[in-house]
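Letters A, B, C and D mark the chains in the order given here, with residues in each chain numbered from 1 onward.
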Amino acid sequence: MSDYGRLFPRWRDAAGPEWTRYTRHAFVEGMRDGSLPRAAFLHYLVQDYIFLIHFSRAWALAVTKAETVEEMRLCAATVNALINEEIALHVKTCAEAGLSEEALEAADEAAENLAYTRYVLDAGHSGDMLDLLAALAPCVLGYGEIGARLGAEATSDAYRDWIDTYAGADYQGVCTDVGALIDTVAARTLGDDPQASPRWPALCRRFATATRLEVGFWDMGLRPA
Amino acid sequence: MSDYGRLFPRWRDAAGPEWTRYTRHAFVEGMRDGSLPRAAFLHYLVQDYIFLIHFSRAWALAVTKAETVEEMRLCAATVNALINEEIALHVKTCAEAGLSEEALEAADEAAENLAYTRYVLDAGHSGDMLDLLAALAPCVLGYGEIGARLGAEATSDAYRDWIDTYAGADYQGVCTDVGALIDTVAARTLGDDPQASPRWPALCRRFATATRLEVGFWDMGLRPA
Amino acid sequence: MSDYGRLFPRWRDAAGPEWTRYTRHAFVEGMRDGSLPRAAFLHYLVQDYIFLIHFSRAWALAVTKAETVEEMRLCAATVNALINEEIALHVKTCAEAGLSEEALEAADEAAENLAYTRYVLDAGHSGDMLDLLAALAPCVLGYGEIGARLGAEATSDAYRDWIDTYAGADYQGVCTDVGALIDTVAARTLGDDPQASPRWPALCRRFATATRLEVGFWDMGLRPA
Amino acid sequence: MSDYGRLFPRWRDAAGPEWTRYTRHAFVEGMRDGSLPRAAFLHYLVQDYIFLIHFSRAWALAVTKAETVEEMRLCAATVNALINEEIALHVKTCAEAGLSEEALEAADEAAENLAYTRYVLDAGHSGDMLDLLAALAPCVLGYGEIGARLGAEATSDAYRDWIDTYAGADYQGVCTDVGALIDTVAARTLGDDPQASPRWPALCRRFATATRLEVGFWDMGLRPA
């Protein structure tokens, strides 16, 4: 289990069993052993396309809240990677599965999707850069952790493409960069001992809420569309 | 069925059967005939307390997006009424039912609550004043419509206090004012024939999405906590 | 010199001579001894009317960024006081001086006005509640300090109405409340020793920048319109 | 004089003589004939470095307000170009002139800079995508127009690098893309006849205010630092 820096493992620990419910969700285990129904995966893909659009908006919001050019640079690179690579990859994967870009754009956004992405955006609008990063972290770094584990443990090739994307060096590099960004922002915001800050419990709650909403997202994936 | 101005009935019509699912939901009918379990009502009250906090934030966002002092005045009065009256009333009603303010503050926010309130806030952040009003309208004016109908049709006194609040002259006056605000903002944004504007379908979608999220909120109320 | 709480005097000290340039500006001294030309005062009043509109928007933004109902309540009350009382007072004062509400609304916003108010709004959008309060503080509390001093030291009645407004118990009470709000938010954000926080220098810079923009606002007042 | 699409020339016409004051400012003419003092140019460069940071934030805000993936893509590419190319170019140009990156970061932001950039950001926060674009347009497209003219008319090589940047195919291509983006967003927001929209005067005022703030920016450049 990779740590992607110093702060992430502390937030993960504070989230407790919710983190396990997210990263070892039946949907994830179904990708690991190939038992996940294809219809569930496609349902997930369509919603994840919409998710990525709003998640990109949240990273763009981070550009507006960064305090140094270096932080802006990293957030802008993430926006670019999400919009110009990850969304494009989704369109391609969906096309191979018979889902046109028009179908993606016409899909209704599930309530679980709305809850998660708008919660992250609101974390940014109501708080500062660190509040926003605490809400962004479970998705970025949790997918890194899931990808790395499934890369090692998968017993089926049914979802190999998905696993390779998140287990791959590119995505793992993004996770390392984001983990470092979180540590930098936490240091300039909270100082050397973040857990001693009065903000610590609220930051852990943000991370835990976003983790809970990730569980809801997988639940939604398993539900018939 | 009151119309609260010119634009609201058009948005309501465009929402189609979703509007009926919201305003004639089993939760609503249970308040009408007294069959709604008390536990469901209390569950709803706790979540509605959290809802009102974020709904007040959305009206405060409207103050920042208003274009005239008159619009600011009306939005600020609404924020004040929500925070200093409606939230206070909730605290009092909950206290009578044995729920302390501490219990309210300690409650976890349901995903349906997150989805709805953060969607409304994001409508304001991503769009203009009219986008925000289209997302705020189903709650404000729908409760007015439900209150007025139940005020006339209720066959039980079990939820009389709730019904009287929303059927009462004060709340109906708020609905008239908000309906007029929507018409004013629509006129200065879209002109005399709003349905001819290229923005019309997107505005109807915003109203319909918020209506769908209201249905989810009642569903949540009926679910055991 | 009143302190309005614990944090404000530290920010004021950190702002150094800029604070004196603001609170003992020639414009202020001209109100004290009555030497300020009436035309300059009217020019200031017109711009201050526009200022109050955007300053109200910034306090409304604070409602959206508050973390407790109590904080929301205080910010909402401030929005209400600004929009429904202070702006109304301005309209009345201007009317007595022969400036109609239409003239106020038609006035071009001076660059110094844009710089100040939009800087405050951006402090809120880019940072958290405390960043926003650090940018709001110089205006609210500086006017309290100026009003209190001129209430005691004025040697002319020429600007007695203005002085009485800010020296009066109502406005001084607002300053006490806002000072207490700053202390509360600082405590929950930075802990017991705010000056030990890594955010301290940036917060002092925000306060100092807003102070510098207040100096620019008085300069603008003295310039022929 | 290039038109960069259909809407820009109408906004430019509506801005009237203010547009000429901006694009034929003494600072611009001094770059054309080489008479601009080097110290003024360096003063401008330092402030323009800070300007670009906040201008990038405004384009990132546009990503969060876009309505289609295509619009997001173009805005994200602009953010990337600004942060990873234009800011880097500034750092290099300043270094050649003996200004270190530390000196750039330590510089105080001029009030004219604050006024302009925060006004643009607030246009985005208070309005919709089109409001934001109306405030962004004078800088992006005005520099394109100035660059193209000086590329043809310059009588000195003193500011050749600057002129080549904005006269060059890369930057002119950005202008064409941004002009097309404005036309697309205007069409989906206002319809076929934007000048018939009740929003037209307010959009023209936004463009004119941003143009006025550009004039202030050149004025600031000519003032001793």
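Annotations for the structure displayed:
We take it that a contact is a pair of C-beta atoms (placed from the backbone, for glycine too) under 8 Å apart; a residue touches a chain by one contact, two chains touch by 3 or more.
It should be emphasised that the depicted structure is a prediction, and the values quoted were computed from it without experimental measurement.
Where the sister copies chain A and chain B meet, the same residue numbers recur on both sides for over half of the interface positions.
Here the C-alpha atoms of chain B line up with those of chain C after a rotation of 180°, rounded in steps of 5.
Between chain A and chain D the centroid-to-centroid distance comes to 35 Å (mean Cα coordinates, whole Å). Distance between chain C and chain D, defined via averaged C-alpha coordinates, is recorded as 31 Å. Residue positions 57, 64, 121, 125-126 of chain A are each in touch with at least two other chains. Chain contacts in this assembly form a complete graph, since each chain touches every other chain. Against chain D, the residues of chain B that register as touching in their complex are 64-65, 67, 125-128, 131, 187-191, 196-199, 202. Chain C makes touch with chain D in their complex at residues 57, 109, 111-112, 114-115, 118-119, 121-122, 125-126, 209, 212-213, 216.
Interface of chain C with chain B (complex): residues 53, 56-58, 60-61, 63-64, 69, 72-73, 75-77, 79-80, 83-84, 87, 121.
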